[in-house]
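By letter and in written order, the chains are A, B, C and D; residue numbering begins at 1 in each of them.
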Amino acid sequence: MDTLIQLIISGALLGGVYALAALGLNLIFGVAKVINFAHGEFLMLGMYAGYWLMTLTGINPYYGAPFIAVAFFLLGAVFYLGIMRFTIYRPELTQVFVTLGLSIALQNLALMFWQADYRTIQTMPQGMSSLQLGGMHLPTDRVIAFGFAMVILIAVIIFLRKTFTGRAIEAVSQDLMAAQLMGINPQKIFVLTFGLGIAITGVAGGVLIPSFYAFPSVGTFFVLVAFVVVVLGGLGSVTGTIVGGLGLGIIETLGGYVAPDLKEALPFVLLILLLAIRPHGLLGIKGAEKETLK
Amino acid sequence: MTLSRRTFGKLAVGAAATTTLSMPFIRRASAADAAKLGVLLPLSGPLASLGNDVMRGFDLAKQMINEQGGVFGQDVELAIVDVPSSTEATSQATRLITSERVKVIMGSYASSISFAASQVAERNKVVYFEQGAVADDITSRGFKYLFRFIYPASELGGGGAQFMLDAVAPKLGIPNEQLKVALLYEDSFYGTAVGESARTVLEKAGVQIVDATSYSYKTTDLSPMVQRYKELQPDVLIVCQYTPDGILFWRQAREAGLSVKAMIGNGGAHNVNEFAEAMGDDVNGILNAGTSVYINKAGLEPETAKLFDLFHSEHEKRFDGRKPSAHTGMGFNAMWTVLKDILPAAGSMDTQAIREASLALDKPIGSTIVGWGVKFDPETQNNTRAFPTFDQWQGKQIRTVAPDPFGIADVKAIPMPEWGQRGDI
Amino acid sequence: MSRFLGYFDWKRTDGLWFAVLLAAAFALPHFIENDYYINVLVLVFLYAGMASAWNIIGGMAGQFSLGHTAFVGIGAYTSTLLFNYVGVSPWLGMIAGGLLSMLMAALIAYPVFRMRGVFFAMATLAFGETVRILLMASRKYVDMPYGLSINYDPGFIRMVFEDRSSYAMLTGAFLIIVTIFAFGLSRSYIGSYLRAIRDSEEAAVASGIPMRKYKMIAFLISAFFTSIGGTLLAQYILYIEPSSVFSTAISIDLPLMALLGGIGTIAGPVIGAVIALPLRDILLETFGQSAPGLHLVIYGIALIVIVIVLPHGLLGGVKSIRERFVSRSHARSEREEPK
Amino acid sequence: MMLEVTSLTMRFGGLVAVNDVNMSVSRGEILGLIGPNGAGKTTLFNVIAGVFPPSAGTVSFNGNRIEGKSPDVTCNLGLARTFQIPQVFTSMTVLESISVGAFLRHRNFAAARAKATEVAERIGLGSRLEVPTSSLTTAERKRLEVARALTTEPQMILLDEVMAGLNHTEVNQMLELVSLLRDDGMTVLFVEHNLHAVMKICDRIVVLDHGVKIADGLPKEVMEDAGVVTAYLGAAVSSDQENADA
């Protein structure tokens, strides 16, 4: 019984990691309908940002998150204006390969600048690496990452629901044409969305580095799972990302306990099964799966 | 490139598209007997970290040899190719052989790359020196031009397991029949080969193997495995992991408070500095089977001991104060032996001569900086004098504990103290 | 026979030049003596063939699969296992692999064809990954080494050749067969149906096209030929392992080549392979020695620029230039004509 | 009866878009299905065309139950449809596009092409055969829709607001086209918003309002029906061009 509870807790914490890694992807995916294959690389850059912040200035990435957010917001805006702007109304294949090209370029730029070494930081003092709670072990860094995931999620939901800009983003994500007729400038919305999506991804990387490691191709470890989480939860559904992330995390941890060899296959099998039963994802909009994005 | 141009002209229209693109590949071979070696290593992609470590070793050996006057009185030249996976290996080996006209290829650290590339070398009768790929089958194909410096996986995994039985188990005071051992390994070539050979030795010794599990090194979570071991409570944990998953696993083990009496890694993560950095004081006490460049140089021949010091000092000097890793040491060793011993003995870049010189080479144990000797088996062409060494992290340094005479420390702290209390080991 | 021939569109003869070109390329290995160029040629033929196979489902029918590595892997593994353990010639193993791939395609078709666009792509990507992981997990129960190496023992029956030009002939023949097949398909009513499905599923169904059936036909054919390519890849490299033949990189490379040349066209995937493979090698050779990763940085940037500038591939680019030219001259002639 | 709709109901969640409608079309008849915005006519049309299965009730075509059958099956049985917003095959020429329909009955390429050409000529697209569909005008696209449907050699054709978005001249041309169909003995079910057009051409008219059939009869009778007048006057002011039916 204790094992089960411990596994579920570990799974939920892992789910927090997944949700955090996927949130920015889903925002961009939902609003601009862009599948960003370079998503993992932005996460990688976020990890390096957290790493360098800690090693060069001594600022813990948890406190440094706002700086990372601002820097990555700008990076996201540049990403849109410099590259994605040219692909936005183009066939999806164009977007796939443009972001893929970016992914290759960023990965290898990181290799050139920072070499292939695995870089880690320790944010917690010796002996504080896990919290004990009624016999359960909660890894401190993952608990904090989980907290970040929840706070960011709530902030994003409030932003989308309650602010004018947020509602404009929602409008664009649901119906671009109608939004344009309402006088919303989609270009501005896209810059904002990419900025926001990449900022979240950067922060995610920053708060994940204490429990992981940074190296140039670390993004590839996360990107497929992030895609799975987005599709599982439902395209364009922020809450769905959390539900999808948590669900996947728990299932993967339980499955990994029973059959470790098949653990890596679980997300994919789950994805295929869910899509076969409920093609629009857990909380997605029905019919979205039939949406050909041109 | 030699094309029979007249005939070719007739088909020029059809062929132009394909050939123009390959024109830039044209390369003239340089002076007949300059020592030009091809290098095939994964320098980008997920295997890049250790690939670049090996490259530093190759590079250092080349630089040092060139400073001493090179080979055949000329500077040694390396044609380096980044081969992230076995798919590119065939192509790039072919290019090295036909366009760069190399007669010797040095590779390749990853077994899959070695399998694919050595096959090309064999067809073209080009000598292939494998410095660090451990898959047993690489040399069981009867190839005449393939030589391997490192021991095969069976000796690494089996050796690690044997070391545990000989040096660790007695300290625990548990008889073999009651000793509970868990095996965990990553599921690519390296992990499975090592894990399976460890298993064979353990089974023979009659210990209880409570679990043998593999997983993908690209995973982002190993907590279920940690939880398994908390349930199964093995006395000894033997793992074979790459660096990222190694860091992840041990950190998660610490977070979950997994306590085992002894832990043994098999190369990969467990002898690199990044691992120590990631674990802090808690790295202490972890044992490793593999190769080391932190052996007792008293066990080396005097000449080699000098080279050993030079290797360490030059490495830090030339690579921004970086300390060499085991893979750098193996890379250095292979390149140094080829340039210093084999090529001069062969007298030219003739592959038959190089092959014969390699087979004739007879260096005793203690004559290379990693402690090995060099004597290639006439049948398999494996180095019969390579062996794994066993190390333990002590004071956040990796220190060799066996075999004699290369040990500089004794095995300590068995059974291991709890996490967080390992600072003094 | 005449009834059979009636299924094809004999009026459109474009593409004939392409067949001639391919035949010419087929003769190429006889005139090149440098092994490396032949090697490039082998890979170009092989990848062009597999990209053409991908193009049948991905380009003609517009179902953007990112899971084709599953078929490459199944092809490579089936023939190699059959040869290494049972002694079956790869010539037969190749067909067995193709059939097995078709079976897998048919099994996965039900869930994945419920989706379109990105969702289809994601689901197929997941499929490709799953097959690899299942294969690796199965080693627990089946005594099979991690990597399989094929003995270098030249012989026609064993499909292992001493000289590379034989491989070029082999892969060239593969490319020609796939191309002819794709060409025939595109010129038959099935080709029209696939294009109709790609352009508008609603209108296609309303025109009486049983959509699932034709998507399935395209998927099965595509899987079969891709799988054959997998066997040829294994026979050429003589070594396979899960991470080399079941790799997302292959799944991505095939559509990439189709896109670079011109997706949905017959010549497109071939042109794409002719561009992409040598481009990578040239970059590796030119920049590979200066700093690890530099050549890939340049490759990545080149990819971004090419895809943005030529979203419909090289053929699409040529076509749009031609159209612009034609429409301009057309406009001019209209202006000049007195009304 | 060629087409028979019996107590057909269609619900979307809580919304009842079509409520217990009975309707039939006999061979050779041209039937107009009209109603104000939101009356449920497009929904009814879609159920007949097989886009989605009804919540209750049946649809039979020539005695075969077709409700819930995929559109390609109904098309094969001889019931073709057009789309309100023309769904053109963007990568094809006009001839290729029309041929897609022809392949249903003629797998032989030459025969299919001949059939397509014949229909195109008749429909008035004869001079545009080699033009890419993407460069057609709206009116031409509507014709293309009809042509594609006709080449499947149906016994009955469902026309979904073929007049919408057309100007006066184009509407008249389309009306001519429909009377051509009538001359061929084709059965037609017409969903239309443009009352004027419907009056001219239909043999009989069915009026829906709020998902319920409120009238069924000759054009003249229907026009004088009090219920129809109120239904239309209530909504007609606000909507002339919009077709946003549920």
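Throughout what follows, a contact is a pair of C-beta atoms (placed from the backbone, for glycine too) under 8 Å apart; a residue touches a chain by one contact, two chains touch by 3 or more.
Nothing here was measured: the structure is a model prediction, and the numbers come from that model.
Undergrad: How many steps does it take, at the fewest, to get from chain C to chain D if each step moves to a chain that touches the one before?
TA: Steps on the shortest route: 1.
Undergrad: What chain lies farthest away from chain B once each centre is taken as the mean of the Cα atoms?
TA: Farthest from chain B by mean C-alpha position: D.
Undergrad: So, comparing each chain's Cα centre against the centre of all protein Cα atoms, which one is closest?
TA: Smallest centre-to-centre distance to the global C-alpha mean: chain C.
Undergrad: Centre to centre, by mean C-alpha position, how many angstrom separate chain A and chain C?
TA: It comes to 32 Å between the two C-alpha centres.
Undergrad: Distance from the CA centroid of chain B to that of chain D, rounded to the nearest Å?
TA: The computed centroid separation for chain B versus chain D comes out at 73 Å.
Undergrad: Suppose each chain is reduced to the average of its Cα coordinates; what separation in Å results between chain B and chain C?
TA: 36
Undergrad: Touching two or more other chains, which residues of chain C qualify?
TA: Within chain C, residues 133, 136, 292-293, 296 contact more than one other chain.
Undergrad: Check each residue of chain A and list the ones that touch at least two other chains.
TA: Counting only residues that touch two or more other chains, chain A contributes 107-108, 111, 116, 216, 261, 264.
Undergrad: Who touches whom among the chains?
TA: Chain-chain contacts present: A-B, A-C, B-C, C-D.
Undergrad: Per the contact definition, I'd like the list of chain C residues that touch chain B in the complex.
TA: Those residues of chain C that touch chain B are 20-21, 23-25, 27-28, 31-37, 39-41, 43-44, 133, 136, 139, 145-147, 149, 151-152, 162, 164, 236-239, 241, 243-244, 247, 249-250, 274-275, 278-279, 281-282, 284-286, 288-289, 292-293, 295-296.
Undergrad: Enumerate the contact residues on chain B facing chain A in the complex.
TA: Against chain A, chain B makes touches at 43-46, 48-49, 51-52, 187, 213-216, 218-221, 223-225, 227-228, 230-231, 243-244, 247-248, 251-252, 254-257, 272, 274, 277-278, 280-282, 420, 423.
Undergrad: Give every residue of chain C touching chain D within the complex, in rising order.
TA: 3, 6-11, 187-189, 192-193, 195-196, 198-200, 202-211, 264
Undergrad: Show me the residue ranges of chain A that touch chain B in the complex, using the header's touch definition.
TA: It is residues 3, 6-7, 10, 14, 17, 107-108, 111, 115-120, 122, 126-127, 129-130, 137, 139-140, 142, 211-213, 215-218, 220-222, 225, 249, 252-257, 260-261, 263-264 of chain A that touch chain B.
Undergrad: Which bits of chain C are touching chain A when the two form their complex?
TA: 64, 108, 110-112, 114-119, 121-123, 125-127, 129-130, 133-134, 136-137, 140, 248, 252, 255-256, 259, 263, 291-294, 296-297, 299-304, 307-308, 311
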